[in-house]
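Below, chain A partners chain B and then partners chain C, in two separate complexes.
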Partner chain A sequence: MSRFMTIVEKLDTLDKRWVFLVVGLAVVVSTIFRLTFPERPTPMVCAIYEKIESLPEGSRVLLPFDYDPGSEPELQPMADAFVRHCCEKGLVMYFIALWPLGQNMVDGVIRRVLTVEYPDLEYGVDYVDMGYKAGNEGVIAVILTDLKKLYTTDAHGSSIQRIPMMEGISNIRSFDLILNISAGYPGLKEWIQYAGTPGNIPVAGGCTAVQAPLLYPYHPEQLLGLMGGIKAAAEYEALLLQGYPKFRNDKNRFQTALTRMGPQTIAHLSIVFFIILGNITFQILRRRRAQERQSQQRQE
Partner chain B sequence: MKRTIPLLITGVVGTVLVVAYFIPHPPFDSLREDFSIFFDIIASVAFILGGGNLIRMHGSRISRKESNWPYSVVTVLGFLLTLFVGLTKLGNPNGFLGSSVTTSGSYFYAAYEYIFRPAAATMFALLAFYVASASFRAFRAKNAEATILLLVAFIVLIGRTFVGELLTSWLPDSLHFLTIPYLVEKIMVVLNFAGNRAIMIGIALGIVSTSLKVIIGIDRSYLGSG
Partner chain C sequence: MKRIMWLGILAIILLVLALRTAQGHMLNPFDSFHGFGTWFAALLTLAIMSFLYNDNPVYRFAEHLFVGVSAAYWMVMGFWSTLVPNLFGKLWPSLTAKLFIPGIADQPRDPLWFLYFIPLVFGILLLLRLAPKGGYLSRWALALILGTTAGLRLIAFLTADFMGQIRATLNSVAGYVHPSLPGGTGVFSFEQMFWDVVSVIAIMAALSYFYFSKEHKGNFGRFSRVGIWVLMITFGAGFGYTVMGRIALLVGRVEFLLVDWLHVL
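Moving on to the complex of A and B:
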């Protein structure tokens, strides 16, 4: 067997640990050098941005955070970007969670964005954390007609009646927009099916990249915009940078998705490299085996 | 009686919820709301059942010393410790009644922030390595179907990065339909839409027929009778 064929056979049965090493190095190196690439926003992302831009000051936005730490690296940048945009527009934010750990995600965004970047905003006046409720789509079905029947207190145990911004809120129809971030069930699909469509309320949101293809069919009638994964979050950040130049100051804080797209791009490229490599070795070996079979048949 | 009452409850609740969707007026709308609240209460109680079941399952694994039983010890200890620090609000800076269980500084918060969160993110991050390895082994142009799948995956993977734009940015406007971003959009918006909608309609029809069987009482598998 020629030296070339030996190399090809070795590559064809390459130990997966080499693949892990290359992907690991691709991610680590691009993270260390903080590689970033320009992003061109896609129409689905632009639709969400434009919807928020079009809302008048004081509009009510329901922000259900239905994800957990497993998908936090992918979804947290879009949560931060949504909240920043709502703050800049002077929208009133109502946080809610249908995932037990969604509550922690809400805590995180309040701690990270609202209290640090917008200290002037007042809890109970500009934003409220209504906390987690068990029941999945059952919760949505109830609050579609009567929100206060299920939510009697906020996440900290304060009576809803004593929270100024809860005045005038009777059910989901009291909101101008539902901006959901989800990593599975219950999530964006349930908000569309049980709140957006029956209540005729605009729904938009973000989800993990693997979930996005399952949600595209709802666009544009039932879902005005969709952000799939860190790429869409980076596109949204790019839009915010265009619209609000003050976000250009602190890259570490305001461009987390754009920064995370660097490692993702390099990781994707390394996967593409392995797919090409795998196919080249596969085709060479297939051709060789076919030739061997032919010569064997001729001998017989 | 043990079977008739659950069947009756399922039949009545199912029928009312279906009717309420088409006739959202009294008494159906209020009944739907009440049933949804019952569901939320049951879902909350299910957490207690879930906790009890976890202890029972892992407890029996530990007592029988089944394979990998030390992992069960970790699970049970983790569960009990988290439950204890959560219920007692241990280390909560504002005391037991002062603030929420998730307040920064409490032991519960520390368990979440310094153990659960990094562990969950690590598990999720491992996917990237397995996806790379699986792509190397599985995405092979063995036949026409596999070649199409490979090409589509290739275009979408590249198109999800800046490189996708860069590779075909030199193409003139008349060949815009060959640019990778355009191809990705068409794959996701046309091909994916059509395929997914067909699957969704199929699933919905399946759910309707299964639900009808449950409501009418033909399918009793949820009662454990198969």
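Moving on to the complex of A and C:
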């Protein structure tokens, strides 16, 4: 057997752990070198950015954070970017969560973005955390008609009646935009089905990459715009950098998604390399086996 | 021999980590709760990643710990954010305000407050499943949950998915969406019309592949083969997105290990 064929046969039975090692090294090395690549925003991401830009100051935005630490690396950059954009535009933010750990994600964005970068914003006037509610799409169905029936207190146990920015809020139709961040069920799909479509309320949001193909059919009639995975988050950050140059100062803080796209690209290239290699190996071995079968038939 | 080699590697890694911690380059796990939490999270991350090499007891410990903590957290959150404000708070507001959430005292009492006894009774019935006798009563509560969910989902599916999607497709295939409709520009777009026609044909082709009342021969067979290509492209796109999602999670963990734990960046 030729040396080439020995290599091909070894590749055919390559232990999958070598693939894991190469992908892992690709991610670690590109993370250490902080590789970044330019991003060109896609129309669906631009649509969300433009919608927020078009809202007048003081508009009410509902921000349901339906994700947990399991998808935080993908969704936290878009949550931060959405909140920063809302703050820059002077929009009033209402945080809620339909996932138990979504509450912690809201706490995180308040601690990380609002209290550090926008200390002038006041709780209860500029933003409120209404907390987690169990009930999945049932919660959305109830607040579509009566929000205060379900939300009697905020996340800290203070009465909703005492929060100034809750004045005039009767149901979900009181909001100018629903900006959901979703990692699965319940998530963006349920907000479209139970709030956006029946209530005729503009819905947009970001989701994990796995969910994105299932949500594209709702765009543009039922879903203003969609940010699928870390790639779209990086595009949104690129738009924010264009619109608000002050975000260019601190790369580690304001360009999280853009810096995460470097390792992403390198890891994808290594996976593509393995897919091509696997297919070439498969084709070579298939031809060889066919040739062997033919020669056996001739001998018989 | 292999075991000794692995133990040696582990000892070297632990020594390096101990030296870095002693020199103040890393958080000390015994100094603060934050330091302990970071070390614990990092070790659990490595324990989970160890599954990529092989199944092992360290991985199983991390997995069981994760499942247990998640279930407990879910239960506690459900009690404090749903049962207390939405059930106890409606039935016994003053007592709930006194014992649990003072903010509830400001709420006017629901005139139909007594209706909340229904979910209370059904909730108790659901727990009867755990009792040695009368477990069958839990089926009533389960039937209510199933019926309500089915009713809610059916209406939402019909309006948002079935009708909504058909309307959206027909609107865009015409190449013109009225500006009053969401996403409508009021401008005729030939390019948009072309891609929407392609999308409709692709859907029909994919559906034809699953139509078994007619033999897949001739033109119909060729059309259904187009459907296979449509399905393959869809699965490919889905796989690509899944890879992107998983790599993003890996990048997040690697960043945590390098930045928050090892402090090398």
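Quick note on the criterion: the second predicted complex is superposed on the first by the 300 of 300 C-alpha atoms of A that agree within 3 Å, B and C clash if a C-alpha of one lies under 4 Å from a C-alpha of the other, contacts with A are read in each partner's own complex, and residues count from 1 in each chain.
Quick note on the criterion: a residue touches a chain if its C-beta (ideal position, glycine included) is under 8 Å from a C-beta of that chain, and two chains touch if they have at least 3 such contacts.
Computed from a predicted model, the values in this text were never measured in an experiment.
Undergrad: Which of the two partners, first being chain B and second being chain C, lies in contact with A:D146: first, second, both, or neither?
TA: Touch partner of A:D146: chain B, not chain C.
Undergrad: Mind working out whether A:S158 is in touch with chain B, chain C, both or neither, as first, second, both or neither?
TA: Touch partner of A:S158: chain C, not chain B.
Undergrad: Touch check for A:F37: first (chain B), second (chain C), both, or neither?
TA: It touches chain B, and chain C stays clear.
Undergrad: After superposition on the shared chain, which partner residues are touched by A:R298: those of chain B (first), chain C (second), both, or neither?
TA: In the superposed model, A:R298 contacts neither chain B nor chain C.
Undergrad: Once the shared chain is lined up, is A:L269 touching chain B (first), chain C (second), both, or neither of them?
TA: In the superposition, A:L269 touches chain B alone.
Undergrad: Let me test your reading of the model: by the given contact rule, A:L224 touches which partner, first (chain B), second (chain C), both or neither?
TA: second
Undergrad: Should A:P73 be classified as contacting the first partner (chain B), the second (chain C), both, or neither?
TA: both
Undergrad: Where does A:G24 make contact in the superposed view: on chain B (first), on chain C (second), on both, or on neither?
TA: In the superposition, A:G24 contacts both chain B and chain C.
Undergrad: Which partner chains sit in contact with A:R3 here, chain B, chain C, both or neither? Use first/second/both/neither.
TA: Neither partner.
Undergrad: Identify the overlap between the chain B-contacting and the chain C-contacting residues of chain A.
TA: Chain A residues touching both partners: 20, 23-24, 27, 70-74, 101, 103, 133-135, 138, 141, 149-150, 157, 209, 212-213, 217, 229, 231, 264, 267-268, 271.
Undergrad: Given the complex with chain A, which residues does chain C contribute to the contact?
TA: The contact residues of chain C facing chain A are 52-53, 73-74, 77-78, 81-82, 85-86, 89, 101-107, 110, 148, 152-153, 156-157, 159-161, 164-165, 167-168, 171, 177, 181-183, 234, 237-238, 241-245, 247-255, 258, 264-265.
Undergrad: Show which residues of chain A lie in contact with chain C when the two form their complex.
TA: Of all residues in chain A, those touching chain C are 17, 20, 23-24, 27-28, 31-32, 34, 70-74, 100-101, 103, 131-135, 137-138, 141, 149-150, 152-154, 157-162, 190, 192-194, 196-198, 202, 208-210, 212-213, 217-222, 224, 228-231, 260, 263-264, 267-268, 271.
Undergrad: Using the touch definition from the top, list the residues of chain B that touch chain A in their complex.
TA: 29, 32-33, 36-37, 39-40, 43-44, 46-47, 99-100, 102, 104, 112, 116-118, 120-121, 123-125, 128-129, 131-133, 135-137, 139-142, 150, 153-154, 157-158, 160-163, 165, 181, 185, 188-189, 192-193, 196-197, 200
Undergrad: For chain A, which residues count as touching chain B in their complex?
TA: Within the complex, chain A contacts chain B at residues 14, 16, 19-20, 22-24, 27, 37-40, 42, 68-74, 101, 103-104, 107, 111, 133-136, 138-139, 141-142, 145-146, 149-150, 155-157, 209, 212-214, 216-217, 229, 231, 261, 264-265, 267-272, 274-275, 277-279, 282-283.
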